[in-house]
Every structure is written in structure tokens, then in C-alpha cells.
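Sending over a structure as C-alpha cells; questions will come in a sec.
Should a chain be cited, it is by its letter among A, B, C and D, assigned in written order, with residues numbered from 1 in that chain.
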Amino acid sequence: MPGNSFGQFFRTTTFGESHGGAVGVVIDGVPPRQTIDLSVVQDWLNRRRPGQGSLVSQRQETDRIECLSGLQDGMTLGTPLCLMVRNQDARPDDYAALRDVFRPSHADFTTEAKYGIRAASGGGRASARETIGRVAAAAVASQILKAVVPGIEVVAWVESVHQIDAAIDPLTVTLEQVAQSEVRCPLPAIAKAMIQAIELARADGDSVGGVIGCVVRGLPVGLGDPVFDKLEADLAKALLSLPATKGFEIGSGFAGARMRGSEHNDSFVELPGRNGPTLTNRSGGIQGGIGNGAPVTMRVAFKPVASIAKPQHTITKDKKKVTLDGGVPGRHDPCVLPRAVPMVEAMVWLVIMDHFLRNNALQLNFGKV
Amino acid sequence: MPGNSFGQFFRTTTFGESHGGAVGVVIDGVPPRQTIDLSVVQDWLNRRRPGQGSLVSQRQETDRIECLSGLQDGMTLGTPLCLMVRNQDARPDDYAALRDVFRPSHADFTTEAKYGIRAASGGGRASARETIGRVAAAAVASQILKAVVPGIEVVAWVESVHQIDAAIDPLTVTLEQVAQSEVRCPLPAIAKAMIQAIELARADGDSVGGVIGCVVRGLPVGLGDPVFDKLEADLAKALLSLPATKGFEIGSGFAGARMRGSEHNDSFVELPGRNGPTLTNRSGGIQGGIGNGAPVTMRVAFKPVASIAKPQHTITKDKKKVTLDGGVPGRHDPCVLPRAVPMVEAMVWLVIMDHFLRNNALQLNFGKV
Amino acid sequence: MPGNSFGQFFRTTTFGESHGGAVGVVIDGVPPRQTIDLSVVQDWLNRRRPGQGSLVSQRQETDRIECLSGLQDGMTLGTPLCLMVRNQDARPDDYAALRDVFRPSHADFTTEAKYGIRAASGGGRASARETIGRVAAAAVASQILKAVVPGIEVVAWVESVHQIDAAIDPLTVTLEQVAQSEVRCPLPAIAKAMIQAIELARADGDSVGGVIGCVVRGLPVGLGDPVFDKLEADLAKALLSLPATKGFEIGSGFAGARMRGSEHNDSFVELPGRNGPTLTNRSGGIQGGIGNGAPVTMRVAFKPVASIAKPQHTITKDKKKVTLDGGVPGRHDPCVLPRAVPMVEAMVWLVIMDHFLRNNALQLNFGKV
Amino acid sequence: MPGNSFGQFFRTTTFGESHGGAVGVVIDGVPPRQTIDLSVVQDWLNRRRPGQGSLVSQRQETDRIECLSGLQDGMTLGTPLCLMVRNQDARPDDYAALRDVFRPSHADFTTEAKYGIRAASGGGRASARETIGRVAAAAVASQILKAVVPGIEVVAWVESVHQIDAAIDPLTVTLEQVAQSEVRCPLPAIAKAMIQAIELARADGDSVGGVIGCVVRGLPVGLGDPVFDKLEADLAKALLSLPATKGFEIGSGFAGARMRGSEHNDSFVELPGRNGPTLTNRSGGIQGGIGNGAPVTMRVAFKPVASIAKPQHTITKDKKKVTLDGGVPGRHDPCVLPRAVPMVEAMVWLVIMDHFLRNNALQLNFGKV
């Protein structure tokens, strides 16, 4: 199967280059008779969009969603939804000078090596703009799941930027708290320090990385498969498929590797509490690949943005040395983290939706077909 | 697609419970006319097998591989290979007492919740014994790839145990160095300290976790897909599908999230060096989801083994409190790391093999079909 | 996997209802650096389009193809192609009266039963308009294959209409001969009789069915798989997925079931001739599921169009009897066969393209990746 | 995806060459807590087995089924079932003389062309022995479906042999009636004539083909998908994937292509009758790709067996002419039809089971997950 689809039951196929005619998504496997509000999809796109503040890319695109199929009077037909956004702010000239240069830590070299051709401008499919389709699909998935599973929610936040860390409680953090800060860190004081770190990098013509935390609360018990398609395995794939990601943790993560079993084990309790069926939740809500009802907690590492304004040495397609004069910082973000928050949530919704339908398939005892 | 298969072109389907009739694998998508030495498969199983030293589980199984199909005179027919190992050391009685208990941080609770039934003894599909099929498949994949891509190699090692860390150079570490130590850490002095940490845990009736490092050297440029099936995304899924894993890093990993772009970026150079086409290799050999020819470097976090000899509080299926008297440590490892080394290598080989065939499919200009 | 995609390597996902915003297709798995002429795609759509003569539906749509992604200066990028056609001639009012009626032998009843909702007008996904995406994808596939496999060609023709049969030689029939007749039967005298049969049905407010023949010439030896994905099995599925099809034959077909082995067997000959490696070609170019180099010959049965002008008895959603007064014949064809010719060719191209790439994946000995 | 698997939710992967160590199947996607009687599986294998009478192959194999995984005390665990039959009657010497010969209308030539290697004896994967895995999987699927959908049944029968036809009523024919005749035709007088035709062919060292009819009764409304995965399309693929098949019809089939719409259309009625929701059933129980509750009626054409005792001209691998002296008829059937009856039923069960689970996945309103 080619690589532009995600999910097996709720199957999301994205299309579109960053500066071509349009970007979008076809979603196959949408259950019928579900109510979808396109303005919610637009809200998701707005959250994902660059140009929302001083921190992020200055590229201005309206990113208006258009639904080409699958909906009738706001209700799903059970047929494929095609959601599309026209590219309106393409400025290929900005990129013409870079046509034959392999920018450091970009996909230029590997795309050229693999395909022998690459989109003449922008990052082609490697651009963050490709994630528009993913976010739109998640906006659909989340509306369906919230209607069927009352109380389910996915919240992501910026947990660290460069050297600044925030300690967030995954049990209580809310989407509203995250939204209050431009940098999408729910702790105001830390958020301020993060913004300073980003501004400092921008002033230096540089960029910074960071970590995004994410939690799923209210997930039904039983999603996930015990062998290859463990819930954490599919989450890991989903999140590492986002541009610029370098690491993934579930539950205790790398810190858990430093523990002993007696410290790490989550004891089951008689009455479910804030950690679901267990006293503690170092498992991160998943045991043996299957959700246990506790909050699913994750962390995702993002490298610093590769596009920087500082001069850099590299080579051209013809193996000639060249110095990238980054004097003009271009339209790129010094820090991708704030914009990546909805992308992380989106991929998590897509994983959950897919496993939800998959789990359904095997439930034979619900009465009549 | 149900969850017991991995890969789309080199498709590995494992079967078997830990204490049923047999465990094994069917591999579909095996290229024809490839030479396979079954003794190499047996060597892989031996490396994976428990009971190899004082550090690991005392369960003794000969684990003799049997090939039921797909090979003729040591050559692949292009038909499915079925490789099987009979279960010989099943002792269900050891587990009878646990039939209704939800062991802390095991898959008992979630399996029961999802399926309403679970294997009466052992971990069922959640057992590490399931990985026999994966390791056997990788033993096939690696033989094929090594013949077609001279110089390709995958090396994994124990990088940390509990609080003991080893700094290993992924560019030079060899399989032989790893094999010399019982704990599979290539630095003898550190290995000794790791063994002490494991023995200490065993003496306490406890267990320890750790980190495994892994590198692919000699990977052809161009494997991996730019969007959902990024090479690192598929590696993340593959490795997080192993039992007891909690985290994954590619290249700079979480440490990379603390860097600035000017520190992190890998400059392209005129002549490929030890880091492939770039001066440094914080990308971990993958850019935009596609391998760039540099070594692919990964780290995987393993939690401490859940089965410990210390007493633990938990509940039964009927929600009654119970204290697991771990006085008899059972046949479980105090540290899964050494045995997990071939499992990590196995999953990496399976990912590479799959992407190798996938990449092939789109290469139209090689002459005639 | 949901049901709106076809193919595993050259993966075609269609979207769009007959009277919604647009219909189209996303093709994933397109090899890079292939030249695609969009005017060829438009030509295919024109061949498929209703309203081309007195024989077919009077619904007028320009069906202008728009390419949203995947192409740059007429060359494939190796990224998904999205091809779209806006719906311009939607007249929901024509269908309002039918909203609650289950038209005989239409998909109204089953769509309602399965989904609990259906597109308010037209046939939704059951409409022949859905095939626009298939035909567009085939127009892409055929251009790629023809460049890589010189001499390959797919020709379909109308072999029978109602009671009128044409005996066509699959070894010599050409696209040009087929195109010369409005009814797409390459024998002028028979074509004339077929047109009369269609006009007669129209005059009666009735419709007629028929059979389409199809041949693939120049197919490389070796495409197809020996077990479930036999080439003829995938062709059968492809063609039975077209609306209104009731039967499929490969090679000798049902007539072959009346023969003895000594009559039916195709003897291999020293020098390949017009029937490829065999003296005769009752196998239809496929043996053991794999193409043998002989022409692949098929026949597909189409039922008479369900929409007729004659009065018909049926029921409504509420189980009330109703008589469909077909006094106004609507915009439907009395015979779908001529328009179905490019649809048959399209599905055959999609099967071949998919198996071509699939076969490629296992060819390891072509040198370097 | 390689070609040895069938189905997406109830995923059947067969393995094994006709004369290797074993043949078998791994079934993934088996719902948990379903009761499976292995003696029913054995009964299916016995029905499929050669050597049951004078009409069929004299090859004697006990074909004892062994279950390696997935069952516990006769109940499914929700894990993969591996079912295996050892090959016991392999006589490679019988085939040694044929090693380099391309037998007419066998898979020898194409296998050699595609893979460059083939099983040294027997038909490898092209052998009817491969269907053991399919039949075993169907024996599992049918037990599960019958428990969940009371009244569902699949019945196949021999409808014609060579020139002898039987007119069978698909609404009333039973498995018992079919089983009473050695040739598996439920009309005793016609069965007798068929047996004579087969004996006549055997006496001539020849073989005969024929047609198998099949019906599904009691299928829940709503199975099947409206576009590519129409129920009839998946049935066509399933049945054309059986060895020796040349054609498929659903409902009215090729005869329907000779009708007018007013004759062919199935009117909906107020009260469901023997034809389900329609007065007649030319649709064959499927409309728009989705089952409508009427009996699903099919016909499958089988060519005469390619292995005959008469002398035949062909060539060797080295393109030398050779005459196959068929003086020894070998162990092959003069007519495959009787043995193919359970194979046809098996493939139909596998299609239904897969669509049943698939349909389940999208039913969101059944309460709690």
C-alpha cells in the first residue's frame, strides 16, 4: 500500500503539495448518519494555520475548507468525505534560488535521491502544509467519537521549548488552558519564558525545538491489539509521521527504564480512580497493547526547525559547495511547537477512531446486524 | 486488517500462544530464488531464547525451528514460508493459581476486558514467546537483504540497565563485541556493572529496565516514504510493538529537542563520510522520512519486567483484593534487556525488508519486467 | 479497509456523489518521473461521458478534468494525483419525487437498509458517474504502462446487445475500429442491427442489456499471483465492481465447461505465435493465475438498465405500494453498453498496473536500489 | 500485500506446497468466545478430499487437521488460529519425469517464468491441495456465522457436467440432497447421467468440465459495499481464485444480458416472500453491491481437468518438443466438479464472514463498546 494513507477502518488519504493547486484529504470508512459541523473543521484548520501571532510563520493563507463529497445537510452519507483547501499564497519565486540546493536537515536530498524529481518550490509533501488533510480528518473523527463516547477528549500542550520545561498534570489540563497562551503552554509563567526563548532564537536567526505532551481521557477500555498493532505502537507511528519529530514516549517513557519493577508496576484497585483501574499509571493507560481505561499519556520530541536565517554550508545537486545566506529569514517559524499541538491531537484522534471501528468489527454479540 | 501481521510487502503473520501447541510465523512476499540457511534461523532463535545464563529466565525450551513450506533445497520458492516451533516446556500448573488474578502491569486485565477470555496459562499472545515468529522472519529477511545489499548490517546492544549507562559508538560497534558479554553490552567494564545491577535486583526479588541502542549501517539511500510511512515512523511502530517498550528515539531524540537549529542541522558535504552525505548525523540517517545513506540510529526504552518475586497488592477478576506472594520468583527474567537485543534487531530487519521491496515496486526503469 | 479504493500498489480511491460538489479520484502509488498528458485523461472522460449521441443519456456535463496535485510540468512527482470533475448539471428536482421510492433493481432499498440514509438525488455512489474517477485513473495508468511496456494495449468492444451478437477476433480488433461505430461494435452491419435494437427499446420505453468483450495484448509474462490474487480473479472483481454487471468469463468461459480436456488444453509450442506460447488460447492468456504472454480475453455481461419509461409497480420506504409512472423517460440510457466500453477498459488497466508494480517489488536482481 | 491472504477482517492466509511438509492456514481476525468444533473442520476436509469414490483422484491422504493455536477448550481466544495438515502421501518420483516439461494448460510455464523456480513435484501452490487451508478456514467461519445468524446457509451443487445439465431450484435445494449423490448433483437421474459422462471421459483417458451452482440463504440485509467491494465483486474474485475456474455469474448472469429492463427488473413488494423483498430475483440477492435479503445465487464454470491420459504435444523448459505419453493416467480426477463443491461453498463463506465483520465495524449505535 502506498504511503499517503493512514488507518485501516477510518482511512485517511492526504494529497497535495505545499504550493500546488490544493491540499486535502479523502476519508473512507466514515460511519453513516453522523453529524459533522464544517465550522468545527475550519476551527481545527485555524488552530493549525501559520501566521497567528508573532511566534509563527508569516505566511498568510486563509485555508478555507471545502467539502466536495460525503456530507448531506451536515450528516455523513457513509461515503468518502473529500475535504480540500486551495493553495492561495504560493510564492514559488521565494524558492527558485533553492531549486538545486540541498538545504541542511531538509528532505531535499532524500526526495531527489528517491524520486529523481521534486516539487519546484516549498517542501512538496514534506511540508507541514500536508498536515492540513490530517487535521481536517481529525476534526471529523473527533466529532463522531465525541457523539458516540461521551466524555472522551484529547488534549495536547507544549511541555518544553529549548531548555524551558513545564510540569503539566495530564489528569487535569484542559484545551481552554492550553488555548489561553500563544505558545500553547498552560502554565502562564512558563509560557512567558518559552516565548522569550523563541524570540531570542528568532533574533539570532535561529530556531528551537521542544516537547509536546498529550493525554487521552475517557477512552473506552479495550482499544488496541495485543501484538503488532498495540495502541502505543500505532500512536508512536502516528506521531513519528509528523514532520520534525525525533522521539516518542508512552507512560513512564525513558524514565521508566531507570526504575525497578516494584517501583514501576501499577497495582490494580477495587474501585477505579483518577488513574482508571490502577493506583498509579506508569503504564500510560495501555497494558499489553490494549487501553485499560486510564488516561493515555504521551510525549513527543520535536527537533528545532531546519530553516534558519543564519548562514549555513551545504552543497548543490551537482555536489558544489554553497553557503546558504540566511539573511532573509523567510516565512518560516523559529519554533514549530505551538502549531504542532493540533497536529499531535489530530494524529491521536485518527489512531483512536481507527481502533474504535476495528474493535467494533469483532463485537458479535450486540444483537442484529 | 487484524493485528497479527506486520509489513505490507514482506508480510509476517505470527501465531501461537505461549503455552499452546506451537508458535510460529507465516511469511508472505518472500522473493523467489533466495538462499536461506535454516541453521541461521536457529541461531537467531538461540540468541532470543531464555535460559542462556544466570541473568535470564530459567525456562528451558529447545525451540527447534521447523520449516513447513516455501523452501526447496534451501532456496525460496516465492511461496509462503511457514516456520514453526513446538511448545515443549508448557507448565500450565505454574499459572493455575493466577488464572483469576490481574497481575500488576501485565496484560491480564486488558485481555479479559477486550476478549472476555484469555489463555489459561502464561501470557497468551502477550508473552515474549510470541516474538519467536518475528525473530524467525527476521532471520529470513536478513539473509535475503545481505545477499542483495552487500555490507548492510543491523547491530543492537544494551545501552543502559537501571541506572548504569554505556556510551556506545554506533558507527563502529559490532555484533561480535555485543555477543562477548552475557548482558550484551559491548563495553566490558560497564557490562560487569550492569550484571551486578541485575543480580542485585534478582536478590531483592525485583526487576530492572533499561535502554537498547540500535544502528543500521549500509542501508541503501531512498527507503522510506515521505508522509505516513516515514522510515522512522515504521521503526517506531515496529519497536513499540515489542513487549515492555515505553519509548523510542531516532537520531538526536529527546536531546535534540533541547537544541537550536544551528546546532542540530546536518550540513551536506561534497564527499560522503562516516556519517553518509552529511557532516554530522543528528537526523539519525533519515530526512523527510527517507533514508539518506547515513547510519540509522535508534534507542528503545524497556520498562522493568512486571513479574517480580516481591509481594504485590492487586485484585482478582471478581474485584477482590489479593496479595501476590512472589516468594517463588518463577521462571521470569529480572531483566529482559539482553534477550530483547535480537528482538530489536529483528523488528528493524522486518521494517527494512518491507521498505526495500516497497521501494522496488516503483522503480520502473530497470529494463524489462 | 473501506470499499472505495482499488489496487494495492497503484491505489485508486474514488470519491463523490452523482449530484454533490464533485466527483474524483486520488491515486497513490504513482511512479515518479512519468509523463502524463492531461488531455489524454480528458479524452477518456469524453469517451465515458453521456450525451454523445442519440443512443445515450441526454444529461449534458462538460466533465472538465482538474488536476489538484501530483503533477509538475506534466511529470509525476511520485506523490498522490488528485483528479477532480465538478458536478455542473445537477438537477435534484428531477429526483425529488423519487426520494422515498425504492426503484426496482436500483440500489435505493439496499442503501437505505445499510446506511439508514441516502443521497437525496441521483444514485449517490451507485451512479455510473462514480466511474469518472476510475476512468481518470486508468487514463493515468495506461500512459505510464504504455511508456514502460511498448506495444501493450487494451481494447474493449460491444459484443452483443439484447439478442444481437457480433463475433469479434480479439487478436486483431483495434480501438479505431471500435470508435467508428456509435454503438462501439467494430462490425458495421452488426452495429447497425444493435442500434436498431436500442432504438426499438427506447421507443418502447424499455432498455436492453448486452455483453462487452475485452482483450489485453502485449502483456508482459508473469503478472498475477498463483493463489488468491490470480490475474483472472482480480479482473473478475474489477469488472463485477462496475454497475449493472452480472457475469464474467476468462478465455473459454462457460463454453469451456462443456469441453473435454483434450479439446480444451493449450499445447505449448516452440516458437511463440499469435496465441503467445501456446497453439490455442482457451486459457485466455492466464495459467495458474499468471499471465503467459498470450492475449488475455474476457467477456462481461451487463443487465438491461433498470431505469425505464414503462410503468412499474414498487413500494415506498414506508412500504406503501406505488406505481412508477415512467411517462417521462428521464435522462437515462436505454442501453449502457456503449458507455461501458471505456469503463471496462479502465478497470482492466487498473488491474494490470497494480500487478505490474506488485511484480516489480519482488524482482531483486535488477542491480542497485 | 502478497497474494496468499484473503479477506480484510477475517483474514485467511494459506501456506504449503502440494508435496512439502504441510499445508495449512492462519486465520487472523477471529472473534473471541466463539465455539469451534474441530470435528466439523475435519468433516469439511473429508468432503474436499480426493479418493472418495470411483469418480475422483486415487491419491489417498488422511488429511488429519491439527490446530496449533487460537483455541482453548473448543473456544476461540480472539488470537490467530493455525490449522495444519501434514502431507503424508507425497510421491515426488511420480513427478520427476515432468520436472522440465511444460504440461499443457498447467501452471508450469507461468510459474517458471514468474519465479524462475518451481516446486519439484506436484503443482506447488497451484495444486488443489492448497484449498485445504481455505476449506478449513470456511469450516471455522461457518460455525461462527451460524451461531450469530440463525438460519444462514450456503449450499452448492454440480449443475452441469460436460453436456449434461441439471435445473436446480436454489430456493429449496439442501446440503443433504447434494450429499446423497457421489457426483453431488441433487437430481438422481441427472446425477446418473453425469457419472456416465465422467466414466466415459475416464475410459477415453480424457477429462470433463462443468458448472457449479451455489446459493446463500438467510444472509442479513446490508452486507457488501457500493463501489469496488460490491458483494458480487468479492464473490467473483473469491470463486475465480479457485483452480480451473473460467467464469462467474450472479443472479441472471449472461442470460440477463439478453433481456429487456421490463423483463429483468425485480419489483419490490410489500411483504417479503421467498425472493426476499422483491417479487422476482434476477438481481441474485444483490443490488448496488449490497445484499437485499433475497437468496444470493451464483454459477461458476470449471474447465476440464488439464491432466489427461491421452498423449499430448508440448515443449520442455529448453524449448524442445516432447510428447507427453499419458498412458498412465496418474492420480488425477477426470472431473474436478464433485470435489469443487465444498471449495465453492468455502470461498462463499469466507466472503460472507469478511463482509459481516466489516459491516459490524461501522455500526456505531449498538450501545457501549
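The working rule: contacts are C-beta pairs under 8 Å (C-beta built on N, C-alpha and C of every residue); 3 or more make two chains touch, one makes a residue touch a chain.
Just so we're clear, the structure is a prediction, and the values are computed from it rather than from any experiment.
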Chain pair showing more contacts of the two, B-D and A-B: A-B
Chain separated most widely from chain A, comparing mean CA positions: D
Inter-centroid spacing, chain D versus chain A (mean Cα positions, whole Å): 46
Gap in Å, rounded to a whole number, between the CA centres of chain D and chain B: 39
Centroid spacing, where centroids are CA-atom means, of chain A and chain B in whole angstrom: 26
For chain A, residues that touch 2 or more chains besides their own: 1-5, 8-9, 14, 29, 32, 78-79, 114, 124-125, 222, 226, 359
Sites on chain C touched by chain D in the complex: 1-6, 8, 14, 102, 104-107, 109-111, 113-114, 123-126, 130, 160, 162-163, 201, 204, 206-211, 221-222, 224-230, 232-241, 243, 245-254, 256-270, 277-278, 282-284, 286-293, 299, 301-308, 310, 312-315, 319-321, 359
Complex contact set, residues of chain B against chain D: 1-5, 8-9, 11, 13-17, 20-24, 26, 28-29, 32-33, 66-70, 72, 75-82, 84, 114-120, 124-125
Complex contact set, residues of chain C against chain B: 1, 8-9, 29, 31-32, 34, 78-79, 144, 148-149, 220, 222-223, 226, 356-369
